[in-house]
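One structure is given below, represented as structure tokens, and several questions about it will come after.
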Amino acid sequence: MSPGRLEAFSDGVFAIAITLLVLDIHVPDPSTTADLAQQLGSQWPSYVAYGVSFLTIGIIWINHHAMLRRIKAIDHEILILNLLLLLCVGLLPFTTALMAAYLKESEGETLAAAIYAGSFLLMSVVFAAMNWTILFRKDHLLAGPIDAATRRTIITRGVAGLLPYLAATILAVLSPYVSLAICGAVAAFYALPLASGDEETAAPA
Amino acid sequence: MSPGRLEAFSDGVFAIAITLLVLDIHVPDPSTTADLAQQLGSQWPSYVAYGVSFLTIGIIWINHHAMLRRIKAIDHEILILNLLLLLCVGLLPFTTALMAAYLKESEGETLAAAIYAGSFLLMSVVFAAMNWTILFRKDHLLAGPIDAATRRTIITRGVAGLLPYLAATILAVLSPYVSLAICGAVAAFYALPLASGDEETAAPA
Amino acid sequence: MSPGRLEAFSDGVFAIAITLLVLDIHVPDPSTTADLAQQLGSQWPSYVAYGVSFLTIGIIWINHHAMLRRIKAIDHEILILNLLLLLCVGLLPFTTALMAAYLKESEGETLAAAIYAGSFLLMSVVFAAMNWTILFRKDHLLAGPIDAATRRTIITRGVAGLLPYLAATILAVLSPYVSLAICGAVAAFYALPLASGDEETAAPA
Amino acid sequence: MSPGRLEAFSDGVFAIAITLLVLDIHVPDPSTTADLAQQLGSQWPSYVAYGVSFLTIGIIWINHHAMLRRIKAIDHEILILNLLLLLCVGLLPFTTALMAAYLKESEGETLAAAIYAGSFLLMSVVFAAMNWTILFRKDHLLAGPIDAATRRTIITRGVAGLLPYLAATILAVLSPYVSLAICGAVAAFYALPLASGDEETAAPA
């Protein structure tokens, strides 16, 4: 299988997961007596979670492309690692909806935030594992030679990118807002022009 | 990343958002005693909103293609602007459902219509910003030279395309029907053959 | 815009609409006391409607490919006609769910069946209009010369393909089962090998 | 129609079906008094079913690619067989949700498990039929010569891959957990590196 084919299939899953996020934003029931503005306002966690998850999936998509561009062929193990990565991405509409539903609650909010940040952490761990597999264990599949220093830099950056998500997962015990803020800051950091010196630095994982 | 790859991913999001619109059209519950024809008839705002949003997403998709055709390469900033554009497109199934649910209500209908037209306005603003970035700030990425007059014409048309959506957003205070009618008229205008002298004039944004 | 690009976007909409059909098949609530086998059995209209709609969308997808293969370029009018075709395809998950929900009811079943068959009819009419536009009004866009007899044959077959759907729409007044049976027969006819003498004969529209 | 086009459309359906699986995982209602951890824990069948179905669809996607890579052209019969395969794949979000909803129930769980494993069996049967059609009845469509021994090996492996699903379907009478465990074991077997000697051995069907 060519990397192009794998990429096209993966892009499909990324595109669908990113677009399914909107299903978590609910239209208030017109038959209730509550004011629409107030009802829409009260579900702001849904909008924030939508934005953060949308940007995060978008950025992982960009990085996924950068990762696959380095290789000229795919083997079974890479296929399966990629499938596990997509499995994590596919879960994000659920964890995003969970975060949005519980952010303002007084019970369950810690767990929901930990699961939300944890799902990004898991995705990033699988991404880093896939990157490491390609760069260090499957270097015969590389499209061109990559020197050892560059490989180490890529992996180091990927692992460094895990740390905010690890923090966000743990700090859910303080407050779910802390977790959400960290995840949002990561997305904003990679989206802002200042992080875009080169493609690699734009990788959260 | 090649424009082709970005386009393929974006097309996926456009295609999914446009197809998810149908989820806003509900099948009346057979266990109610109400007449089906009357029930289906009473949810005509859903059909109108479906049609208007479908055509609008379709036209922005056509314009998106025209925009990307002008460039030969993509950088980080364009990627992120494109992601923001897709984020707006991804919201349309929600704002469309909101408009459909509140159009005939006596409360909340103004806000719903303003959000509906406002989501098209936002999408168009991001589209115009992306076009402007490509034409004026990233002209080294252009596939071929575009003279200054043509650039200005493209941007002017894009900004002119914002005005109906701005009007539709503001005029929601008069009536939600006015907003919907303007949005529908924009879609019809760009869809009708008379607007198709050249590709560029077919751009709402 | 190249036909390939239009085709890729259209394929996305076809693929999504065909896959969304499954959302109409509901999992019975485990908390009810009713027997699962009986509950699943009682929703057989959903399975039949799923199968008929799935095959019909699949066949229109095949025909859509055959249609676009004949042209070398796309203009605005073809883009818009294609968008209208996709708009009809996008409605099918709704009309399919409507048919499934009302097939066994004693009220509303005629209207639901007429809408179901009517949505196939509408799709086929737009398809025929698009084919006619390409073959007779836009022949400068054809990839190669097609003689007049062949053009007439293609259009005649397309129009002939409308008649069963027209019958199915009208005969809903007899029984919704008649409508569904006709739509199913059309799908089966085009799916069966005997209809596959050449690609064109496999076109319901 | 080129195999590439068929593949792209099929990939779309695979990608959508695999991503729709997440819609079966529900966010517990925050307004209930139950503990979130306990509520999330109690729906573990959804997570297991998600994982098993995700991997299974992913593996059938890999195999589908291997199958289409062997042919250089497509005819009507292959198109229709492929459509039937996609029809089965499209059903998996439903059968997965059914399995998840009934696994822990004391009534209906046998039927739900039989349907779940049965849907994988059906998909595998159609896959094997399609493979057999290509290798034995349509060998003029093959991209290159495949000797008889290799053909028999491919088919034998495909049929052997059916047996676990057949067992899982039948053994639902013992316990739904047995069915789920077998389906999960098949997915794990093909995902694990040890099964990856060559592409063909990685085919469950």
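Residue numbering begins at 1 within each chain, and the chains themselves are lettered A, B, C and D in the order written.
Simple rule for what comes next: a contact is a pair of C-beta atoms (placed from the backbone, for glycine too) under 8 Å apart; a residue touches a chain by one contact, two chains touch by 3 or more.
None of these values were measured; they are calculated from a predicted model.
> Treat touching chains as neighbours and tell me the shortest step distance from subunit B to subunit D.
Minimum number of steps from subunit B to subunit D: 2.
> Counting residue numbers used by both copies over all numbers at the interface, does the subunit A-subunit D contact come out same (over half shared) or different (under half)?
Mostly different residues form this interface, as fewer than half of the numbers used are common to both chains.
> Report, in whole Å, the distance between the mean C-alpha point of subunit B and the mean C-alpha point of subunit C.
Using C-alpha averages as centres, the distance is 26 Å.
> Can you give the whole-Å distance between the Cα centres of subunit A and subunit C?
37
> In subunit A, what residues contact two or more other chains?
Expected reply: 8, 12, 16, 20, 23.
> Considering the complex alone, what residue numbers of subunit D touch subunit A?
It comes out as residues 7-8, 11-12, 14-16, 18-23, 25, 27-28, 30, 35-37, 40, 50-51, 54-55, 58-59, 61-62, 65-66, 191, 193, 195-196, 199, 202.
> How about subunit B: which of its residues touch subunit A in the complex?
Answer in residue numbers: 1, 5, 8-9, 12-13, 16-17, 20, 23, 75-77, 79-80, 83, 86-87, 90-91, 93-94, 97-98, 101-102, 105, 107-108, 111-112, 115.
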